[in-house]
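Here's the structure we're looking at; comments come further down.
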Amino acid sequence: MIAESLTCQPALVSMRDLDVRTVEALIHRAEEFKHGAQLELAEPVFAANMFFENSTRTHTSFEIAERRLGLSVVDFNPQASSVSKGETLYDTCLTLAAVGVRLLVIRHSQDAYYQELLNQPALPVALINAGDGSGEHPSQSLLDMMTISETFGGFSGLKVAIVGDLNHSRVARSNMEVLKKLGAQVYFSGPEAWYDKRFDCFGQYLPMDELVDQVDVMMMLRVQHERHSDDASFDQADYHQQYGLTLERAKRMKSDAIIMHPGPINRGVELASDLVECPQSKFVEQMRNGVFVRMAMIESVLRGNQLGGLA
Amino acid sequence: MIAESLTCQPALVSMRDLDVRTVEALIHRAEEFKHGAQLELAEPVFAANMFFENSTRTHTSFEIAERRLGLSVVDFNPQASSVSKGETLYDTCLTLAAVGVRLLVIRHSQDAYYQELLNQPALPVALINAGDGSGEHPSQSLLDMMTISETFGGFSGLKVAIVGDLNHSRVARSNMEVLKKLGAQVYFSGPEAWYDKRFDCFGQYLPMDELVDQVDVMMMLRVQHERHSDDASFDQADYHQQYGLTLERAKRMKSDAIIMHPGPINRGVELASDLVECPQSKFVEQMRNGVFVRMAMIESVLRGNQLGGLA
Amino acid sequence: MIAESLTCQPALVSMRDLDVRTVEALIHRAEEFKHGAQLELAEPVFAANMFFENSTRTHTSFEIAERRLGLSVVDFNPQASSVSKGETLYDTCLTLAAVGVRLLVIRHSQDAYYQELLNQPALPVALINAGDGSGEHPSQSLLDMMTISETFGGFSGLKVAIVGDLNHSRVARSNMEVLKKLGAQVYFSGPEAWYDKRFDCFGQYLPMDELVDQVDVMMMLRVQHERHSDDASFDQADYHQQYGLTLERAKRMKSDAIIMHPGPINRGVELASDLVECPQSKFVEQMRNGVFVRMAMIESVLRGNQLGGLA
């Protein structure tokens, strides 16, 4: 009952909007879906997944979450849309709302693109942010929290390292904040050039070799080659040796520590290829949990907008 | 009953094929759908939306209309199709028909592309034209007529201005003809270079400032930048001042006159941005009506081809 | 009963894996579907069609086969996927499996791409090869066999010519092998540069004019212009005269002989345009049969992986 009232949001665009109890309630609901809970919509709801940036796992995961909840998913291909004729994002959303789409899941390269879409009377839609520029990626953050919570039963006192391309990662940004709120102790590692002094208030920066045997969670970030295209000097093997989770480093991890990665993985760069599916890796489990977390998020915004016959 | 027999077409490709009573019957049926009428297909029907030109609103609107009628919509991406291997449109349609698709909704850059698809025994499909080159766009035309009919209760004596890129607009072409048939008085405005003497038989060309306080409907057309790519001298602010619906001009409109636009809008070019969602604007209502008009069109061609168990 | 146990495969990736009885059982099951057999899945199954090479007929045919069997088809667009971020095919499949996709239908330009996907415990999916590089195309091969079997009632003693771009055709490769296994006599024709001595063990090479009045099946292959892009000297009219099925040659065919083509057709190159839909042509029937053959294949791999509640 408490969970239900907490998981009733007008929109889900930023982890910053969510207090600790709401995060816990969403994770709890996701676990219920994982264990077979069903939801019946009393009225049909059309959803559109608007991915202006490439994605396999987030896009497919949202689509499967939508279908499992009984929504009708409308094809939206940005390359074939009127966006290519110069239409604004607001006008494209206005169009989709006018033709009857009631859930918009959006990934867009512009930071906080959603600000112009919120609280618009002409947009009677439920909105979920599936990633904004270098901003946030709340569904990834929630599935990470669900995976940690499932493994350790809670966050208090847990030591979590976030390693790698911190500056470009919307996952890192969301996670450092929510982990601190939830009571975990955050550490950072990776190239210092990709570390921002503003992260200091969330945790401590340490070299990989000092971190690896201390932490409970080793959260590796993807090197976003597409955002470093000007950097011809980037050497993958060198990165792996200095900042990656090598097989040698993995052996020094605590016996019950886990490895996480949001995907897609650059095998042999962030992570030795053999670690991707090793027993300590939660990579596949994170993706599995993603569907259930997204079902909980969708239910929450449908309720928050009285859609699908949900109160 | 009369409506039903009129809305039973083998194909819907051109407004020229439709007499006044059929147009009225389709609008009437669309209004029934808008007020909740349901249709049950007795047999499953597969539809494919073949959009060889970009579109958000028309594509999504047809897809939602199809799904609301219970059709099964098959993914068709022209970039990933055999068209890129040089297959002709006829052969692609032959393929879709052979695998069981029974409704084809096609947008194509070639004028009257549909001629080679009609009356082909090997193509046992229902066909709807969603836009051909600089030809026609019947579903847009019908949704425009529905929106005018809803607002004014009829067409007789109504003064309707069509303003802007008349030469390139398939909407303009369909609308001037059908408006005249329905008893409205048509006016034109916009750059004279984009006006064709052949339009004279449908209505009168006037400068914007002489038109704006006389008409009941101000139908603004999109400047199709993608068709004026060679024209580097085009100045948006200048266009707006000379031919656009500025805030000043809008104030001079009759109090019950309405503003229409087929979308996507170039805000600040055809139309002052603040007018898009002003009380006189029917922009959102047009898109809303589009779904219901398309449901009526689809029902009509399904009946005309005895598909879905419809007589 | 026998058919059922034979049509229960862990994966369907190569015709080489299938013995004669399995091929016959799959064709038999496809004929049952063609005559109205229904299959009810006891549990929902998500399918993804991963087409890394362009296709209309194979892609749409699989999608319709999936939907007719009640599967839920998830949108997968390789251009918009993480493959463009450098993700491996294995990791993309791992992702789709993790989010709940259980049937993967894959077309990929790499020969035998499927080897790295088979027998992977982390990939609890049913896999169908929809074309690998210059390798195989088993669903096309089976629909060809079904069409021949339907026409002639069997294969024993039948004379089948495979004509054209033999080196690049995955259809040719699969078909020459399976036709020989099934008891047919295979002949080849077309440019000698596109003929490989290794085909000698399957049949005899003859000039078109010696073949045309002897064979029961004239199987024309598509000239794959996209794979001959460096060959500016290719002359279509010349090819047609030397190696194509001209109207003149068609007249010399046996009265009950049939013409086949996997599509898409280059009209006037492999085949005179007027022959595409002539009475002897099975071009449309092949595409029609394709849906039923794919239904049989999908059922087989669902059974082989105990998916959808099928034993």
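Letters A, B and C mark the chains in the order given here, with residues in each chain numbered from 1 onward.
By definition in this document, a contact is a pair of C-beta atoms (placed from the backbone, for glycine too) under 8 Å apart; a residue touches a chain by one contact, two chains touch by 3 or more.
Since the structure is predicted, the reported quantities are computational estimates derived from the model, not experimental observations.
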Quiz item: So chain A and chain B: same face meeting same face, with over half the numbers shared, or different?
Solution: different
Quiz item: Just how much do you need to spin chain B so its Cα atoms sit on those of chain C, in degrees to the nearest 5?
Solution: 120
Quiz prompt | Chain centre separation (chain A, chain B; CA means) in Å | solution = 40
Quiz prompt | Residues of chain B engaged with two or more neighbouring chains | solution = 75, 77, 79
Quiz prompt | Complex interface listing, chain C residues touching chain B | solution = 51, 54-57, 59-61, 63-64, 67-68, 73, 75, 77, 79, 225-226, 263-267, 276-277, 284, 287-288, 290-291
Quiz item: Okay, in this complex, where on chain A does chain B touch?
Solution: 46, 48, 72, 74-77, 79-88, 91-92, 94-96, 98-101, 122
